[in-house]
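This is the structure, below, for whatever I ask next.
Chain IDs A, B and C follow the sequence of writing; residue 1 opens each chain.
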Amino acid sequence: MTVFVRKNADKPPMLVYENVKKCYGTFMAVNGVSLHVNAGEVVCLIGPSGSGKSTLLRCTNALETIDGGEIRFEGKPLPTKDAEIRQIRQRMGMVFQSFELFPHKTALENVSIGLTTVKKMATEKARTRAIALLTKVGLADKTANYPANLSGGQQQRVAIARALAMEPHVMLFDEPTSALDPETVGEVLNVMRNLAQEGMTMIVVTHEMSFARRVANWVVVFERGQLLEQGPPQQIFEAPTIERTRDFLGHLGWSG
Amino acid sequence: MNLDWSIVWQSRGPLLEGALVTILLTALTMMIAVPGGIVLALMRGSRLRPVAWFATGFVELFRNLPLLLLVYWAFYVMPVLTGLGLPPFATGLAALCLNVSAYNSETFRSGINSIRRGQSEAGLALGMSRSEVFRQIVLPQAWRRVLPILASTWVSLFKDTSLVSVIAVGELAHTAMQIRSQSFRVLEMLTAMAAIYWLLGYPQAKIVDWIHRKYGVRE
Amino acid sequence: MDFDFSPLIDSWRFLASGLGLTIVLSVTAVACSFVLGLAVGLGRMYGRTWLRTLLVFYIDSMRAIPVFVVLVWIYFAVPIISGYSFDPFWAALTGITIHVAAYVAEVIRAGITSIRKGQVQAGLAIGMSGAQIIRQILLPQAIVRMLPAFGSIVSVTIKDTAIAAVIAVPELMRQAETVAGQSYRPIEVFTTVMVIYFLLIFPITRLIDRYYIRVAHLGRS
């Protein structure tokens, strides 16, 4: 049996989660999760709804504060001071399930707003950069559109460009295709696949099993706030070692 | 500055009476203006063009005028129109009803319009008549949207009744202003007037908030 | 019944000056209320606990007390306390502003709280600060959503300026009372002034509603 070696395993990991806990009242949303993400890896978090994978993702850029354990990003624990958290967030791009584009800004302005307000970049320079990014996600002709005049898939691609504009070291995707019409899911997944091929480090919470299987380097299965199993996609999808993983994949109609 | 607050206590009888008239005026106006608003809203949706036009004109006119002007107008025009020498209370009530009916009509219209057409069609498909659909399906659902707005209108109306004081309706504001000019205790009486309105109005505002929380529809 | 509109024609300059003052008072009152209301609304949402308690008390008190009472109190009672007497115009402007600003504050708060939490998080996720999120994301959307309510605040403010007649501000309502009293033609005078007020208020609210329909999507996140 060959031993699977993770990408960039010889270098220090980009993100380390150590016994992370997060509770809402008495409900343990994340209950002692430990894992790590190496530079250049695409890690997919899968599992039933409410299993804690989205919560863990939102803890990563401190949209939620953790109640126990530690998250280390590029060697340092997540800071607690507001100004320092903002610095960290600039190095992590996030894409939301419901896009969260700003409705009063055009596609172009949505992509450049972070550059101009947070990075204080000159408007012209930010504009050029935004156009380049919108071109990259295939929306060069939609720069002047407001979100209301874009399809769901187009909105989500703008949201990806908005996150990329900050030149993040890692991209966090929170169920990026769950709110989309089936016919536009593909265009978003394509953009994500291209991004992965360029070597972007990505953490993706998803229910798209074929994406996880084809694009991920590492798959993590969650259940009830805990980590059920993790491994390379071949192992998770073809030879899950744990019965519960098999059950979960079976429920989704996944047949090996 | 020499102040004599005893005047407020001495005037407790008239002030209490004035407050009761204020509340009575508010309640009577609402009792007339709620059905009035529903009728106007239905008239606006009527297929008979002249009926719809009349209702639209009525509503747009009376909700886009200062109430004070409406009160004066009613005071001079009502006797000519009706041929009767109406007492100030009835005149004030009429002015308030014209204004609040117009507001309520808009409230009911938007409440009714907020119910999806599919709801009416489902009722019609069951063989209900238009009026059955309105009473059994549309109105009960619209009520939830209408009630919080009616509650806000109630508080506005409660405050607006102070304006009929200019035609000598003996409600709270008029009573207090009268005692003020007879006793020359200006600061004391005006402060007492403000305090009584506050005491009566503050709980109403809080109840409105509660109704909004309980019944308010979130988009 | 015969009507005589000649007193109106004779005193049209007098009435026109009243209309001018009504417009000036309305515009300044709307502007001042908006500035004060924005400050109160933001303070009520993001201020310290004592400030929030104070502002809630102020807002709810203004919801409880008629603007007539506020005007009369400022004009007649404040000079007794302070020793300074107000010009009626400034008393009216102050009273209307204090009253309307409370409503503006509530409308702004409702506008901001109606915006989804995800919008704030999207701002946080690209590293924006709290102040940047309020200025760049929340307020622009809230202002669009507020437009219909803002339209009715403008209309309420214009209507409230008529109450300034009670403290002898020579605006349209007051001038109308004077002409009606002198000419013994109240029906003609008040009916004409009704038309003038209607022509002033109705188009403004209509224009704001029209404009809102055009820009509504900018506030829909």
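Just so it is clear, contacts are C-beta pairs under 8 Å (C-beta built on N, C-alpha and C of every residue); 3 or more make two chains touch, one makes a residue touch a chain.
All of these numbers come straight from a predicted model, not from anything done at the bench.
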Furthest chain, CA centroid comparison against subunit A: B
Chain ID, smallest distance between chain and overall C-alpha centroids: C
Whole-Å gap between the CA centroids of subunit A and subunit C: 47
Centre-of-Cα separation between subunit C and subunit B, whole angstrom: 19
Inter-chain centre distance, subunit A versus subunit B - centres from mean C-alpha coordinates, in Å: 54
In the complex with subunit A, residue positions of subunit C that touch it: 116, 118-119, 121-122, 124-130, 132, 136-137, 140-141, 144, 217-221
Subunit C partner contacts - residues on subunit A that touch it in the complex: 61, 63, 82, 86-87, 89-90, 92-94, 96, 98, 100-104, 113-114, 117-118, 146-148, 159, 162-163, 165-166
Partner subunit C, residues of subunit B touching it in the complex: 1, 60-61, 64-70, 72-73, 76-77, 80, 155, 159-163, 165-166, 173, 177, 180, 186-187, 190-191, 193-194, 197-198, 200-202, 204-206, 218-219
Residue ranges of subunit C in contact with subunit B within the complex: 1, 60-61, 63-70, 72-73, 76-77, 80-81, 114, 155, 158-163, 165-166, 173, 176-177, 180, 186-187, 190-191, 193-194, 197-198, 201-202, 205
